[in-house]
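Here chain A shows up in two complexes: once beside chain B, once beside chain C.
== the complex of A and B ==
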């Protein structure tokens, strides 16, 4: 029998009797393993802090999302949103699950190509595409989603100069009843700008309009908005067929499905207020079916879902550096993962669990990161049991954006591992070190402090 | 000249139901054991065929020997019975023409009216007329042909009798002709060879049992009639099988009885000849036609080859296409579903309703719901669209029945909300347990395949959400179910996705529809007049081969290589398959025929499917000459092709359809096994870019497409 864990005493208000309006005392559940691999073991081998990604969860999410859409609409294609998490291993899992690549920059494009994705399976989004990037995308038959007229003109100019054909789509923005309305990307639907762009593309003999794209927002809480968006794009597709006898191959509804993370301002937990993928899928398919496309005209539905597929497959393990009492008596812990690794803590109340069993008493705690900056606060207030220095906590739902928006600031970026389906653990991104950091730097001769 | 030579050789072959030149040549040689008979029968066939040619009969029929063989028999028979003299020589050509005319009437009449072969009746009539006519003259003397059989007295008599029976088919008095014919038979068809021996043996036995007093005088005449009858009924005009073998033996009894009958009726005035054979074969074939089920003792329904070839052709066709039906229904939903209750299921698919299917959606772990499964909305399939399985007209809509809570059933309105769609006369499909107020169609609507009909619900006798799907013959709600396969679908197995063609989904399996892949469909969508060219390498030999897509008078499409080789194919909206191949087994078209035997227009990493081959279509199968001795009992060789796609990485543009053809011996031939591999490479634009063929792992053939 192992020795029982010591937990230092805490003083809490005694609540007697039945439940009151505040509910019972929160008790913290713990998470000591990820897909069967002990947190303790992971840290032992790969250090702390440590990002852990579950291959099983990634695949399960993708398969479930595919099943949900595919049973509602016959032609469905997912495109993995690189910006959400472009670690090679993560992208590869999605590509193995038949996802295309959705990229918004030249380097993401190159990454996708290096992973083996062929041009025609790359959706090239974003407002900033250089001439070189456009040229390459055209040559490789990528699907270029045009964001503005200047880009359109550049493409036309390039195709004429280089005698190339380009497969393009336009991004359309529209009012779907969401505030704030996203109108900075693409061409507006309501004021006819989108139609102007379509006409211009149809008129250009080297351009082929293959798709229509919209991205109505992010972390969407309304499924209905997608129905409106689907109908609007479908209507455009029908009109294009009518007026120009051109069948649109696909309608791309972008991403934006919310994940299980709770936003800072939300009162209720995400699980209770965020629409399920089924609801998004119901809205989109019912919207598309309203247009009664014939079998030949029926466009493929492309989804660039990122967050909802990857968020809950990512975990951040961190260790307690110190316990503190703040001036107002609140308890605080300092952990070894700061906001430089957890950018999303600026908008989410992450779910955080201790990595070991605890007593049943919790205390409201503020969690600070290790950075010597005031902003480095992981969570303002969370009910946690007493933790000892060196003990581990697991931060949930960090698969999306954290591993792309993280930065080397005061501390460097740690190891990222993937727990594979068979239970093995693979290092998928090595921790940065000082050599990596300084490799890019050059010190002018004059500033040298020591002999070479 | 070639044409004429063919017409002669095939005429000789026809007598033994053979379509081989060399067989004809051997039979021709056999007749020259007695040169007078040989030359006269040759005269018979030459005159018959020349007459036919001059009168402009169908050249193909002339070439096949259709009009010639009666002439052979006539020429031979005359010399068999009469001594050749000058006046006789003048009469013979005249009567050969008469026999030809009789043949042209009878062969065609029997073919057109009864779909039966005319056999040798024209010859029998011609000869009778001739014989009776000759009684007007007195210059006739009986034949006195000498045979050299006496020098071979070492050969036992019973064996001589057997050979003589064979020889007499060609009116050869010498058993040596019979030896030649017997050898020819052995090489042409093991089945016929075996039948000739068995027929003769049973003839000896039955003759001694039935007509012991005549056993010596009738032995040869019943012998050759028995052999011919056994040929026809045992393998040549009926597909060989155990039953046909029994029929052949039984027909020997008939031969003896009818020979006895004709012998008495003709009373010595005319010879019995092949009358019993003709009579028995024709009436047996005709009477078999009236059976309710034609699944065994199948009469030939195609251009005949050897009995073995007929056997392979028939069984191959049966295994490959028997299930093919007129309607092409597909699964009535999008995406992947799960068969929760199949045909003859243990819950409700019983008795009149046993041919029904229940579908639900299950996740990776096989669960049908999330959370606790206590709410309808927990079920994955609840409110998921249900689609029409093929084009049709909505004939019945029942709506307004509320969805049950989970675990409850509505026995009063047990079918729940239902839509019935008519697809054709006597062919309806019915969906039940739809969600209340979810039906998207109304009576009279025309729906297309995969149009949404309604949403999956939980109305009627449905404890948890599912679709009940059945075919039925009328539009009545809950009418008895009709067994009908789905044209094509993919079924999940441990090995991947198995393509099923005209099959029934199995309970406990996940299934989905085929999705056509543009590139692959393009590659196999051959249109009339399309031309392809390949640069080929067969071992060391390099050559170019051209193909063209053509159509025959029956509207069947085929690929024809510049060498004249032909491969007939058929295509549906989702499937391509070859039906038959004729020609050289070393052409690109031949290898393509093997490699693309049956190909769906879809691509999946782990899809696989199977198909059968006819053993005669494959090379390196000489073992079959041995196994064919047992064909009347059983076919000991199986030939199967296993198809799949080659491993394909994302950055590859082309697709590879791989196929392993396995010839496997069973039973006695267990030790025999051969493997061939084929590959077809299809590029992203959807053209067939390469065809390869491997023998035991070594590439022996490769063809690369050249753009014209």
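== the complex of A and C ==
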């Protein structure tokens, strides 16, 4: 006698007012490969969990973004936002695609230099730049974006003492109709503080004001806000030309374009609600054209786009450790990747796919990480088919901030690989191990159990 | 001996539709879920149900036991069965 095909027993509770029936399933699709390389193979070779970055997607995103802006405004320069993902291999792809480096710390600055970026192609942002860092940036002709008056006066003092010139810009904060307004960085536009800083710079004989910068926020859902920002900075540039006969080389509108990740609490998927790069570009170029710059005045548009260029090129593969039923009957799955690797799970509802066909019946599932900590919840509720221990899932859109804000906590950071355009796979960051961890530590002699 | 009982205020249709008259809640069972439920209604014990499934379906005992435990935990959470 041949036996019937088995399927696990399932009960589904009907929720009044909501359509729910067997088979309706937003995640029925699965993702068994990344750019043609099987998830199973990747894990076999590099372990689980595993971060995977697609070279192809990185290049495609950067080329596409450049094309979109360049067809709307004649002078465009991207500067890769290091803090978004500063793995050397990732930065190098962007640099090969002609992006400069946008850094906010001394070590990021050093990284960019080691990767072969010239000082003049580094934008040095951020509120914390030491005197040594400022001196180096001046000598190497980096573009120093001044955040506050104390920094401005330090730069003036250093240029005088060391007989150096500095190429500077100011960061400007402004009201573009976004709440909360980011006013903790830079000089305010509306109350005249920015103009005061500009006048002080123009009056300093060793400082050259080359640009105007703003970064109005991150994961921006409004393209219009960028039009306002472009007009505000453009207006300052015009006034500088008018009052001091000084042409500003560039206007830097920072980063902040939303990626395809859906925010927690956002009802519709991000794909349906966030503006496209085209819409951001339309707003920015229309703002800049409103100012009718002459050819010689026309500033270069610099963009420090981070997440929108890298998020969808990053994946996190993870394996199922266990299945559980919570006290209220909800299903829970424990996976081997925790919030220490997925910082963005505190604000995103990540798209998660099984890496193998698991049938079409789904159940609302809570996904926990492996850390013995209550906060280690990757997703509170997601429709997932039944997964067996050892099976894999793929977490999408993790290219931005996860590989910089991750931490070693209970679990260590895993391998990161890049799937290259030709289909080969390269290890770009080795997993940490206990030696790496303990190498930095010292135990005072009297605390040693094993005496030397 | 039945080690699992089904509350009186529960109605199950032939198609696997479940109605809890006390609360008005409704549920759907898939084929095998429905099969199991029917066995419980006939006062079959957990062990008996397990063996019946193993005979009729292509499944290894360990996976079956895990799935059954999970299914029963869920039924309990929804107050659709009582266990001793």
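Assume the second predicted complex is superposed on the first by the 426 of 452 C-alpha atoms of A that agree within 3 Å, B and C clash if a C-alpha of one lies under 4 Å from a C-alpha of the other, contacts with A are read in each partner's own complex, and residues count from 1 in each chain.
Keep in mind that, in the parts below, a residue touches a chain if its C-beta (ideal position, glycine included) is under 8 Å from a C-beta of that chain, and two chains touch if they have at least 3 such contacts.
What you are looking at is a predicted structure, and each value in this text was computed from that prediction instead of being measured.
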Which of chain B and chain C A:74 touches, first, second, both or neither: first
Which of chain B and chain C A:200 touches, first, second, both or neither: neither
Partner chain in contact with A:328 - chain B first, chain C second, else both or neither: second
Partner chain in contact with A:260 - chain B first, chain C second, else both or neither: neither
First, second, both or neither for A:295, with chain B first and chain C second: first
Intersection of the chain A residues that touch chain B with those that touch chain C: none
Touching residues on chain A, where the partner in the complex is chain B: 60, 63-64, 67-68, 70-74, 95, 115-118, 121, 282, 285, 289, 294-295
Contact footprint of chain C on chain A as seen in their complex: 3-14, 21-22, 323, 325, 327-331, 361
Contact footprint of chain A on chain B as seen in their complex: 333-337, 361, 363-364, 380-381, 383-385, 448-450, 452, 515, 649-651, 653
Chain A-facing residues of chain C, complex: 18, 25-33, 35-36, 53, 55-59, 64, 66-68, 70-71, 73-78, 80
